[in-house]
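Two complexes, one shared chain (chain A), two partners (chain B, chain C).
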Partner chain A sequence: MEPSIPLRIAYAFVSLAVITVYGLLLIGSMARISAKVQGRVGQPVWQPFIDIIKSSGKRNSISHGIMFWLGPVFRLAGGVGTYMFVPAVLGSVVFQNFSMSGDLLLVMYFIFFGQLGMALGASEGGHPYSAIGVSRGLAQMTAFEVPFALSIISIAVQYGTLDITKIVMAQQGGWQHWTLFTNPLAVVAAMIAFLGMSMHNPFSVVIAPQEIPIGPPTEYQSNLLGMLQTNRAVFNGAKLVLYMNLFFGGATNVPVMVVKTFLIYFINIFVGQAFPRFRVDQSIRFFLGVPTLIGIAAVVFIAF
Partner chain B sequence: MSDMKFTRALADPDHALKPAGRPGPLGKPLVLANDGLPEEEKAWFCDAYPTASGPYKGILENFLNWARSKSLWILGFGTGCGAIELRPLMTSRFDMYRFGIQPRPTPRQSSVFVIGGYASVKTLKRIVRSYEQMMGPKFVVALGSCTINGGMYWDSYNTINAIEHYIPVDVYIAGCMPRPEALLAGFKELQRKIRRGECEGAVKYAENFEWYKANQKKVIHDWNMPDYNY
Partner chain C sequence: MGWTTALYLAATHFLYKGMMWLSVAGASLRTGTRTMYLMGGLIKRMPLSFVSFLVGIIALSGVPPLTGFGGKWLLYHSLIAKGWYFEAAASFLASGIAFLYLYRMIHSIFLGQPKDEHRTVKEAPFWLIVPQLLLLGAVIVFSVFPRLILDPIMALVGARYPAAGFAFEGQTLVSSLGYWNGLLTIIVVVVVFVLCLVWMVANLRKPRLVKQFNIVFAAERPFRPETTHFAFDFFAPYRRALGFLVRGRSERAWTAVAGLATSVAGAIRRLYSGNGQTYALHVVLYVGILYLFLGVR
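Right after this comes the complex of A and B.
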């Protein structure tokens, strides 16, 4: 039975709360795994929670204008928007969110919406590093969008739909039905784009510590920073759930969702710990090279 | 620069922190002069006094103090030779991340300012700018003997002797140089102090703003920045 609209909204809040907590724990545990790779003990798993409480509990806050305030709001809206239109757990009433026909296009838009909002807000801060970070971010975004979009086109052709729920349904009935095995080229192209989207090494040109220290959020502090940190968790969670749904057969219960998203995110850390950072031009050229060709091959392969 | 200042700072660090008979900027809409700036640039900068927010009490504040003590973000600004002792803290041998301590490249986001040893007058100018741009509550850890009484630079022509005459300090770590272990011990002490609610440097700075400013202007002669960088 379809739940009533108020109930669905209430469920959406529950779903959002769960993904926020899960996303923060995921960031914390990945930081700890990175620490182990470097031979350290590492921060506690719950450190992101403490950081957010501390940032939000600051006593002063400054603003550089209305757009400066709206930047993190847009960013958070992008994260929440992405998550709200992806069914996190297939068949679950609570985690169904607001998935509907054609939501794949909407989600693709929402993924980039937050970055654009952040670009406007960060530029208002007036710090040169913000502007450099923003221009790098937008350039890299444009680059990794090409293999990502090609991959999406490929699976849209494959399943004949733009409805994420239907794409997940089509992958049920065993691992051999996953897109990973029915359309591996699209998955490879999309996973490379995912590395760029997550901005871990070697694609960490936007935040780029030691280079343009911290990039766009240079001027953000206090509660605005807390908002950005929260969004990081929500947005990560949303992207992971989207990838799980599109390429790895989705999930029919929460434990499966947790395991799959953890493993997808782990690919980032695996690559990030193994490779140093690209320069900006290298990063952009990389996406427009082999990954784009793989994406085109995926489209051609599936269309004929 | 005199023996008197040297001994006074050692004997009673709080002695000079009580401004005599000054009407406080609190509650009064005073405007800073910003005399160091050219006329056409004055409109670009803030001309308000800092306002003291806090100290607060209560369960919520205790909880926030706990969170603050567990999430110390160091401003990545090595002000002297002591900054070399900060680097090993990130390595696997000392691993400050265990205690929730991490470096942060921008003053807006950081909460701990580590004064790494001697501060020359030129650096002091940047220290003041960076410190004022940090969001309260903010904490200062002064590292090495030079920050306490000048150390081996105590009669230098271009090095200030006691950093706490210019910005409020929460924890001193003595030594020349203190080892990274000493730094970690200092950070643990800072965490204890924050949890006890004793680290209200930002409030102290706002309340004694004119005293601090006068001290700063006494040594920084080419004052070409706003009086309060916010």
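Right after this comes the complex of A and C.
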């Protein structure tokens, strides 16, 4: 039964609230796990909540103009919008979101929306580090999109559709129907792209989290930073749900979604704690090398 | 499918490319230069040109709510349905690269640090702004109602090729692979954007509009826009990673030819040195050689 429009909007808010809280807890727990690996105690799991509340409670002291303000708005709208276009839980009315607006291509391109707006906003700040961070980020993004695109094309050919719901439906009925097992090459290519997408080590030089504040958030403070932190949770959640839907059989209820997305995200930490960083030019060469070949192999394997 | 895609792409590209050309023409007219890294920070002086350029790059890069996404959607659906998978991947890479150059353009021209000599630049002339705003309006209308532009195209193509592959169900464009509802997309995006904007504005607490160089800069205080506007050699990582592909082979060949010509000319110049004594030596040597030959005979 199709829900009425007000009910659907209310459901979207519920769904968004769930993914935000879950995304923040996910970031917190992953930070804690990394700390344990490095022999530290680490922050409490709820630290991201504290950060956001603290950031939002502070006074803004600086502004560089209108586009500067719109940057985080674009970013958060990009994250939330991406989530809105992905059906999070199969068969659930509450978590269906607005996935009827478009298929996988819409989601893939909407991922750019926030990055574009954020890049523009950070540019208006006039800080050279912002522009350097953006140029590195965009350069790396174009590189990891290649194996990702190949993998998407491979599964589009495999399932004969770009409709996310249909792709999830096709993977129901046991783990042996997951894309992970029916098309492993595509999954490998996409997972390597995912490492770049989530910008953990070895691809973290774009945001350089440990040392100088490079990258777009350089000039943002207080509630603007709070919005960026919120977006990180929502956007991560949206990407994880997308990956789960495409490659790991989707989810038919919220606990399954939580477990699966946690494990997918854990791959980042697993790799990130084991490898040092690439420079951006190295990561471009890396992504256009073996992962792209794996992606091509995935397409060839499925299509011919 | 191919014809529909091509006609749609041509029509929409006309709209937003025209808009961007006009906008850049205005910037170039007012600053008197066409070199991008000599501009910067023009958003404060030319806000209308900036807005049309902004909408232009959102549309051109194919980010969903605007009309460019329709083109991308049609393109990938046609390519995948046709079985041209690697072409689809290549066009995906191309649209990513489009992102790079568009960002570089808008950053170098309109954002970043304004230069001293451009502090009094005026907005582009009225007759450059008007067509931009008209095109802007057209882009927005076609983004909200993609049927306005797609219905005539599909009627035209459908008359020739009846099994065109794309069809509308209400506002939803459907192909054999998927679906796209332009109206719903833009509604969702606008609502989400406005909600985020409201949250941002509600949380603003009297921020101070700061001066140009008031940035957090590792204990240094930058004071020249030329040293602070990052615009030259913008995608250095890319050049380092893949630059060997664009270093031209023909350029290298012609450099070798030029080097050869220079060294030959240098050798000849030793004879024609422009020095009277050298020429006198030539004459003496000529007479000497002539004498030797004549003497032998």
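Here is the rule we go by: the second predicted complex is superposed on the first by the 296 of 304 C-alpha atoms of A that agree within 3 Å, B and C clash if a C-alpha of one lies under 4 Å from a C-alpha of the other, contacts with A are read in each partner's own complex, and residues count from 1 in each chain.
As a convention for this text, a contact is a pair of C-beta atoms (placed from the backbone, for glycine too) under 8 Å apart; a residue touches a chain by one contact, two chains touch by 3 or more.
Every value quoted in this text rests on a predicted model; they were computed, and no experiment measured them.
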Worksheet item: Thinking of the overlay built on chain A, is A:S4 touched by chain B (first), by chain C (second), by both, or by neither?
Response: neither
Discussion item. Touch test for A:Q38: chain B only (first), chain C only (second), both, or neither?
Written reply: first
Worksheet item: A:D51 contacts which: chain B (first), chain C (second), both, neither?
Response: first
Practice prompt. Could you tell me if A:P72 is touching chain B, chain C, both of them or neither one (first, second, both, neither)?
Written response: second
Fill in: Contacts of A:Y220 with chain B and chain C, given as first, second, both or neither
first
Worksheet item: When both complexes are superposed, which of chain B and chain C contacts more residues belonging to chain A?
Response: C
Discussion item. Looking at A:I62, would you say it contacts chain B, chain C, both, or neither? Reply first, second, both or neither.
Written reply: both
Discussion item. Under the contact rule defined above, give the chain A residues that sit at the interface with chain B and also at the interface with chain C.
Written reply: 59-62, 213, 218-219, 222
Worksheet entry | Residue numbers on chain B that touch chain A, as the complex places them | 53-54, 63-64, 67-68, 70-71, 76, 91-92, 95, 97-98, 100, 102, 104-106, 108-109, 111, 135-137, 202, 230
Worksheet entry | Residues on chain A engaged by chain B in the complex (per definition of touch) | 31, 35, 38-44, 47, 50-51, 53-55, 57-62, 209, 213-214, 217-222, 225
Worksheet item: Along chain C, where are the residues that touch chain A in the complex?
Response: 41, 43-44, 50, 54, 57-58, 61-65, 69, 72-73, 76-77, 80, 83, 85-86, 88-89, 92-93, 96-97, 99-100, 103-104, 106-107, 111-113, 172, 176-181, 184-185, 188-189, 192-193, 195-197, 199-200, 203-210, 212-218, 222, 228-231, 234-238, 240-242
Response to the item:
The chain A residues in contact with chain C across the complex are 56, 59-65, 67, 69-70, 72-74, 76-77, 80-81, 84-85, 98, 100-106, 109-110, 112-113, 116, 119-120, 123-129, 131-132, 134-136, 138-143, 145-146, 149-150, 153-154, 156-157, 160-163, 212-213, 218-219, 222-224, 226-227, 279-282, 284-285, 288, 295-296, 299, 303
